[in-house]
């Protein structure tokens, strides 16, 4: 019944091209796929145009950005319906368009784009959420004088992100990936006047670079092994059996196959982008950017790019997996994801900056997605990605609305009682919070997260991730409740002179829409009607209530629900039932909130309940388990040490030996003074010469002398040419 | 013919190399520039001996007609003209010289080793100016366009670079004329 | 007819001299002159190979080598214009064309 | 053919026949070389002769224009004046300034004269009367012309004299600036002919409709090209009104201030030979070369026509010199870059249109209209910014 209804809907949505389905299969790809490139191209074009605008042309800029993304959204929906209809006809909707970009003799680099369920649903999600956030941003940034620049960056980001999604070539994906990174940098540092923002931008850029280097290595390796960068190319792509078999047959170091090694490298890139454990440090600081940016980039879309990447290369990651078994790379992904999930949840408990809490919850949720991918396959992870995109965007926009309402106050200890003041925000925020913490049945987060937990439970390798995820779920519920309790309950603890207010409609409207989706999306992925899974895997869709009666599913669900309720309850008991009050004694000093620092106490700030009970742990959590400090202490320290060492070498070893020689000679000279005075002068001069030469030697490397560079250049070329010729002589092109 | 080299070739080659050497060794910059033009002319003659009329004349037109003049102007505008600059050679000239010598040795070795000393000269290719023009307009039209753009950009760039800032308008005025 | 090797040797010699100029002379203009010489040597090579090589190469017309030379002449002209312009500007700022003195990037 | 026709024919080819006849006395191996040498001798003999003639013509002509007699002592009506000048310049002391750069100072005039003479190699002075009929003749001429600038610079710089240097700078700047329109304006003829060979260009113009010749100057683009070419040629040869480089009232004698005696004469010679050659090319490109102006006059030998046209051109130059005032440097440059260049470029387009519009009256209308409109508009635009008014005398009256 559902099937035919789905197919009916499909054929209704795609009447005009019902004839050329067959074309889509047998002949060339259908028109929507042909013009798929427009989806990213249009926002990029808009970005270019906006860049040409004057600072004063705000409305035009916003109009361009929103309009272009709107067009992209329409196209995306069209593509989505196309895929739906193909699926409804029972086909595997995967159409690719590829073309040669550069031809280097025999080898040529190919670019191309792809339309399959994965890409289609991501397209719709990104352009839709993006559109809402654009609208929201017009309200949020209304008072910023760099309005136009902001929208230029936003559109550029949207275009690049859509490009990442439709890319069918690792190369194209990597290009867009880097543009995305660039825009993220630009937007985090949007208020570059704030040193903390500038620093955060730099941090984000560099940290993600670390991942991207590995990613690039992986790409190059893959290209070297398979000779193509296309994912799917009618059997010749890198994600298709032939290439994969070749990769599997290739052994690499440490008993890994080439496939596994490349998978790990690519995962490093993904980890950098979506803040997985070693490389997560940039994500919380990224909250220095304007809130819409945090919502769009660092919650909904960009950070999901990593997950999407893993989903894209999933055939590679899972290549060689025995039935029910797993691969090395997937195991790594699962463990790292699980650890990240727990870590994020833990740290989020002890944060006081409203956006930081959300940031850490994002980190943790991304961990969930990774685990989902690794243990349950593409569909599970992607489902959580989609739902999370909606409710996390909702939460961030809500937070933004709160901040906006509280006059740029971000510390939840100085809010409170806003539930009455800004009702819309409160309600929507509560929806988002419940969805995030996975409140049963009604909220999308429940289904998606539950699917992940179920998958982790069924994972043959180890129970570890499963346990970690459960604890994470508990904590998630807890810290979200804590936050809501702080922000919306109790009484206003902020400076008495500032009065919070509800945000304008352009901000609350997107909130409401997102809230609807945060609730509604859940139905797509219930075990009874696994629409999403079968859509992604383009299987036939069946509905059966027996989906629930799989062994151990319901108990598991129940257990998860219990945990969630436990978390909620604890939060309620600690933060709502006796509302948090400001200690009446301490006077209020309202000073400029400095962002991106450890949450430090200021007089007038209330002491958290947990803090008073378990200060040590609290301190650790509040300082994010000292990760930044760790890096500062290790990586940075090493660099510093290296620099210092070279400096020391310069001074001591070079100059020092020289000086020592000189001293020695000098001493000798003094000793021989009585005997012979010529010596002294001689050695003296000698010593001085030595010193001079030593100094000169050191200076030699440094001076910016063009002629010297020329010389070195020429020498290098000479050597290369010589090598070439010698090799030629060896191989006999040059007759020796 | 002397050891298989036509006298004309020997003369032009000697002229070319002599000019280059003079450009390398003379103290006075203008002398360097002038001997450089001798080299250019010699190269043009070599082109003519290679039946590349068009290239040869283009060489004269561009290098002697434009580049040499440009160099000379630059020398005059940078006051490098009259005074034979003292220490014309950089401190570590020996290294540079050895590098150059090594380069020559390498190239010479490659040429000698890789080519038969006596290449039978194939018949002179019948290349008329028409054929060159046709080729420029047909199969080389894209490079032609690109070079056109490049030249335009270079023209504008050179003018802008050499354009005097407002404060130094007086001193820069003639340099604008020079470009 | 003079053998190909002879032309190539002359070209190599000119190239080496140009390199020597740009490596040993201190005046920026002279360095540019050296670069021009090197370009010319390359052109000579191109023409020589065009003359001695097979006359149907690349696009079927036996012109590839000469075209290459002609284009490189054009490019060399642009290069000279811009380079000398730069030298003049630098001289206006720093009152020197001595490469060894051109160690500052601030104008 | 009839006797008379053959007579005229032989008269037309007389020099060619002479050359072959003389060369005939030499062994076969040398004949081509001898023929070349003879042709060179011919050139070396003819044009300096015309130079001698021109000096006296110019002085007398200017004299008439300025309402005086001019040279009239040496020989009848002062015809032999050039001989006297030649003897004088040969016998005069050759002074080289102490601080001058002797070598360059000596080389400069030589280079100039050699370059200028080379230019004649591709100049067809009559039917079958060209030294080298090379495929890229025009390009050769321009390449050689470009290299004369160098000699002028050498002269100005080596003299160590501020007037010389200023003159040289002016001259080089001016010549570079006007080389562009010169070249571009001659390209139209090349476009229509489809060849760079001077001989082909002349032959392309040798036809007649009715009695009127097919000279390029009688077409819109040809006329525009001719005018532009002549203007650029005046500037290229530093003739008045573009004679700033040697403006006596400003810089004593420009770049050859410091030259005297025979070197001075060489410069003089070089200047005038340059003028002749460029005039010769103007004739070749636009005035039908050695072709007869009317079909009925076709029997007259071709070289006669060429030299008649040359003399007419010289007379024209003298007339201009006597008439026009001297420009200012900035006017000179503006004129080159803001008027000449756009017009020449436009002329190229017009010639292309002419080529592709096919026969008929249409192309006449279109081409003339475009050129006229461009001329008028450009003139308006350029004139707007310089406020021309009644001249105001600051010190007089």
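Going by the order they are written in, the chains are A, B, C and D; count residues from 1 in each one.
Everything that follows uses one rule, which is that contacts are C-beta pairs under 8 Å (C-beta built on N, C-alpha and C of every residue); 3 or more make two chains touch, one makes a residue touch a chain.
Remember, it's a predicted structure, so these values are computed and weren't measured experimentally.
Among the remaining chains, which ones contact both chain B and chain D?
In this structure, no chain contacts chain D and also chain B.
Taking all protein C-alpha atoms shown, work out their mean, then name the chain whose own C-alpha mean is nearest to it.
Per-chain C-alpha centroids compared to the overall one single out C.
Report the inter-chain centroid distance for chain B and chain C in whole angstrom, where each centroid is the mean of the CA atoms.
Distance between chain centres: 6 Å.
When the centre of a chain is set as the mean of its C-alpha atoms, what distance in Å lies between chain A and chain C?
49
Taking each chain's centre as the mean of its CA atoms, how far is chain A from chain D in angstrom?
One centre to the other, that is 74 Å.
Just give me the whole-number Å value for how far the CA centre of chain A lies from that of chain B.
54
Identify all positions of chain D at which a residue touches two or more other chains, and write them in rising order.
Chain D, residues with two or more chain partners: not present.
Could you tell me which residues belong to chain C and also touch two or more other chains?
Within chain C, residues 19, 23, 26, 99-100 contact more than one other chain.
Would you mind listing the residues of chain A that make contact with two or more other chains?
707, 711, 714
Touching pairs of chains, all of them, please.
A-B, A-C, B-C, B-D
Which chain D residues qualify as touching chain B in the complex?
Those in contact with chain B are residues 101, 104, 134-136, 139-140, 142-144, 146-147, 149-150, 153-154, 157, 160, 165, 169, 172-173, 176, 179, 194-196, 333.
Which residues of chain A touch chain B once you look at their complex with the stated criterion?
Residues in contact with chain B: 707-708, 711, 714-715, 718, 721-722, 725, 729, 733-736.
Would you tell me which residues of chain B are touching chain A in their complex?
90, 92, 95-96, 99-100, 102-103, 106, 109-110, 113-114
Can you name the residues of chain C that touch chain A in the complex?
Where chain C meets chain A, its residues are 19, 22-23, 26, 31, 99-100, 102-103, 105.
So in the complex, the part of chain C that touches chain B is made up of which residues?
Touching chain B from chain C are residues 1-10, 12-21, 23-27, 29-30, 32-34, 36-37, 40, 43-44, 47-48, 50-52, 54-55, 59, 61-63, 66-67, 69-71, 73-82, 84-89, 91-92, 97-100.
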